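In what follows, a single structure is set out as structure tokens and then discussed.
Each chain gets a letter, A, B, C and D, in the order it is written, and its residues are counted from 1.
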Amino acid sequence: MDLLLVIYVLLFPGFLFLLAYGFLLQYLDRKIAARMQARVGPPLLQPVADFIKMLGKEVIDPAGVDRAAFDAAPLMALAAVMTAFLYIPIVGESPFAFQGDLVLVLYLLTLPTIALFLLGWLSRNVFSSVGGVRAVTMLFIYEVPFFLALLMPALMAGSWSISEIAGWQQEHGWFALLQPIGFVVGLIGLQAKLERQPFDIPEAETEIVAGPWTELTGRRLALMHLTMQVMLVAGSGLIAALFLGGPLLPWNISPAWLATIAGFLMFLGKTLLILVILASLKVATGRIRIDQLNDIGWKYLASATILQVGIVLLMDYIRVGT
Amino acid sequence: MPEVVLPIGPQHPALKEPVNFKVIVDGETIVGLELDVSYTHRGIEKAAEQRDFIRVIPLLERVCGICSHAHAQAFCTGIEEIMHLEVPPRAQYLRTIVAELERMHSHILWLGVAAHVVGFNTLFMWTWRDRETTQDILEEMTGNRMNYGMNEVGGVRRDLKPGQISSILSRLPKLEEQIGKYVGMVRGEETMLLRFRGIGKLSKAEALKYGTVGPTARASGVDYDIRRDDPSIAYAEVPWKVVTDTSGDVYGRTLVRIGELQESLGIIRYCLEHLPEGKIGIPAPKVAPRGEILSRYEAPRGELVHFIRTNDTDRVERLDIRTPTLANWTSVTVSLVNQNIADIPVIVAAIDPCLSCTSRITILSERGRRTAEMTWAQLVDHGQRFYRKWGRS
Amino acid sequence: MGKITDSLSRRLANWARVNSPWISVFNTGSCNACDIEVIATLMPRFDVERFGILAKGSPRHADILIVTGPVTMKQESRLKRIWEQMPEPKYVIAMGACGASGGVFQGLYHVVGGVESVIPVDVFVAGCPPRPDEIINAVVACLKLMKEDLAQGGREWRQKPVQSPMPGTTTREPGEVPA
Amino acid sequence: MTGLLGLEEVKSALERFGTVEQVRSNRIKVKTIPEKIHEALFRAQTLLACDHLIQISALDNGQSFELIYHLTGPHGTVIAIAIELPRDRPEMPTTSDILPPAGIYERQIYDLLGIVFTGHPNLKRIILSEDWPENEFPLRKDWKPRPKTPYGGVRQEER
């Protein structure tokens, strides 16, 4: 059992799979965007080449920077996201599942933003610090609706474990259908979390060069890029588990190993579906100003989520009442 | 809040060319703006005095790579007038075709860059894809994608074969269709509208007062277009109309430019279909008589002026170039005054600044009380905090 | 075993480096034509993302700096600073006739000269402006140099002997304050 | 666009400042003196409806500096108001108070030709590099680029 756990964490479906899948999703993301923009797009191994190249580049410490903190921030972000991934069901339930892992995962997924803020703040570069501040500001805007939207399935399923919520959907149907508003808000929040258009405000190239990323070089840059890739996997996996039933099948297949494989394929299919939606959103929109995001975030996203909360409570009340 | 000076630039990704702004802010409102665009100053006007009429043209084409034909043409038509040369109509038509193709490529390019500034990269890509059509036609006509080398004193250097005419004509409908799509996208895409509408407003009176030219002026309802008011080359013979708009904001400038794209297509088509027979140039004397001329031409960005003084030699005594961007800078400073600092990038992009043309510059502020300095980035942040606090009103 | 992994990792690093050249563009006083052509290179017709080339705003992220235009007096110090900001290994491409020698602007009173009079240049591209395919070719040539450098263990092997200044270009020592 | 201005019309408005001549069908040139330029521009603006300053052309003809204000309006006629300034004392009052766009042009002329516009709100270096020496104005005819110095300028053999 211990050996199996080690394999689960390190090889499959743990870190190794996570990295490979992260690179694949990154490639698909860029490819889809390129095809929609009438371009050919990058070759399959492009993200891998980018990553290895960045690892090999010179590391420059901007003047007056705390080196240790500067090195630690990307590592912290990466570690947090990779840990979060372990709680997401990929083949059947996660072996680490416990009551409340949903909250832990949400918390861990917030850490990269904090790391970005930290990097921007440490860089002593105005572009970086503005980018960092923007990242945190955005966090405050989208986090509330995003959290609320993601906690609604927990409320309805009566469990705080992602795997159990996924299991609940086996019997009652997908939350994407039961809570469509929450699903949409979740996707938008994920897009904002990943800082992709129209929410790439913290790294708006035409405004603040590359935001908190500006002063990053070499392996720090590589690790931050990797963090974002992994977060794409973890985030879409989380949405898939919460709203699309995760890897669990709605019907029973007799041999257990066949069910596991089918579940895994379900997971792949669902995350890819989410990726396609996110990539299309990225291609079809321009960047909004942060004040406009504020408007959208509080006026529409937040009220939509609260509406969803109301609906869920009402449904709960009716169900319990009858 | 005390007045704050915010320096921006000179190296910045939004600016494909180097420029430096100093924005003077009183509280949250801009009260003045100082621009330093001298980073690309090379000294062309001095050099022009030392090269003869044949060798000066390549130099003038490189005043600006985007409107290179406009510069060469303003100069050539000026010198031709001083020399009293009758340029064959075929040459004039060919010049017109190249000039309008250049206008199209410049406007499409601008649309793409404007989309890029607001982060809408897909439109950026699409516009530049379609721009390749005009580049192909230009390359086929002149032999180069930019800096065409088409003009010379007395005519043009390359002729069009009948086969080329039909091949160019056959490519235009596709372009027309794409331009139609842009109209839809600009009018319908929410993120673009959010960033364009009501930004950088300039009333008609202000536009006149501050001497704006080109699409910037026409978007404010100023009905000036040198192609009609002081026609050179073939513009007097071609049916077309001046595009204006009354909104005066960035959105209006976008619409004017797209409208001009459609007009340009019409002009090109007419010129190709009615291309007169004959020579494409006449030999020009090496020496120009004593004289002076103010040669005006409507470049893609607005009225371009070459003041030429000659003195019985084979080179100019003085060539004074006034580029459209220079004329428009004052209006930028004005449309920024009393605006919120968060809108600077879009407003500056909206006049389609061409700094390599300008390499000179501007000033507005009278008040010099400076207490603190901020950078571009802080400025952006500043604006956002303001918006968060006070909303959009 | 150590040897094998060592050579393997080095081959992997070289492969990655050659397959992921990121560029950054800096205008030192060009007429824009070169800048526009560089952007056109990133666009659907030429789409250099096929080769892994990405344009980056920050010189800190770039492997190749593309410098367009003759270097004007005002941009000289800024160009130097940008170059110093780039992490090793870094390469410089000088765009067009102006980047190579000052081109049509050679000898003008506000122009220092070609890019090489300020920072070391690895690849020159001819043309005014160079076509996008020539730019791609230049990047490929730059990648070849990169490979060669990796094989030779540095760029010393191709350092030119001291050259005489080009006629017409001004002789201004780096850092010299004008009279 | 209204019709072109006639010579007589311009004469009646600007004759008092100096000679008025028709250069071309749509171009009328007025020669005046620096002291009167302000008033001449004002009358051109109010009486002749010239609402657009095209350019202030500045040149050094060897003996003196010439400044030519080109104005136009909805009539499409370009009115050129020319003045000459002595080389030894290149100074004149600014016109940026009645013509806002003139501010930029004057600053540029100041930088390249060394003509001082008194009363200009912000007459500062604008085009040349910050380490360019004071009192060197490249567009003056007697300014020769010196080989061997940083401002090598145009090659000797080309001159």
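Note that in this section contacts are C-beta pairs under 8 Å (C-beta built on N, C-alpha and C of every residue); 3 or more make two chains touch, one makes a residue touch a chain.
What you see is a predicted model, and the numbers here were worked out from it, not measured in a lab.
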| query | Closest chain to the protein CA centroid? | reply | B
| said: Between C-D and A-C, which chain pair shares more contacting C-beta pairs? | reply: A-C
| task | Averaged over CA atoms, how far is the centre of chain C from the centre of chain D? Could you give it in whole Å? | result | 42
| What is the distance, in whole Å, between the centres of chain A and chain C, each centre taken as the mean of its C-alpha atoms? | 37
| note | Taking each chain's centre as the mean of its CA atoms, chain B sits from chain D at a distance in Å of 23
| task | For chain A and chain D, let me know how many angstrom lie between their CA-based centres, rounded off. | result | 62
| note | Going by residue number, chain C touches two or more other chains at 43-44, 57-58, 72, 74, 108-110
| Set of chain A residues in contact with two or more other chains | 37-39, 205-206, 209
| task | Find every residue in chain D that makes contact with two or more other chains and list them. | result | 128-129, 138, 153-154, 158
| message | Show me the residue ranges of chain B that touch chain A in the complex, using the header's touch definition. | response | 12-14, 115-123, 125-126, 129, 189, 191-192, 194-195, 342, 345, 375-378, 380-381, 383-384, 386-388, 391-392
| note | Seen from chain A, its contact residues with chain B in the complex are 36-39, 126-127, 129-131, 133-134, 137, 197-198, 200, 204-209, 283-292, 294-295
| field | chain B contact footprint on chain D (complex, rising order) | value | 1, 26-27, 51-55, 57-61, 68, 70, 72, 74, 76, 78, 80, 99-101, 103-105, 107-108, 111-112, 121-122, 124, 126-129, 138-139, 153-154, 158-159
| chain C-touching residues of chain B, taken from the complex the two chains share | 10-11, 13, 16-18, 38-44, 46-47, 58-59, 62-66, 68, 109, 125-126, 128-129, 131-132, 135, 144-147, 354, 356
| task | Please give the residue numbers of chain C that touch chain B in the complex, ascending. | result | 25-27, 29-37, 39-40, 43-45, 57-58, 69-70, 72, 74-75, 78, 82, 98, 103-105, 108-111, 128-129, 131
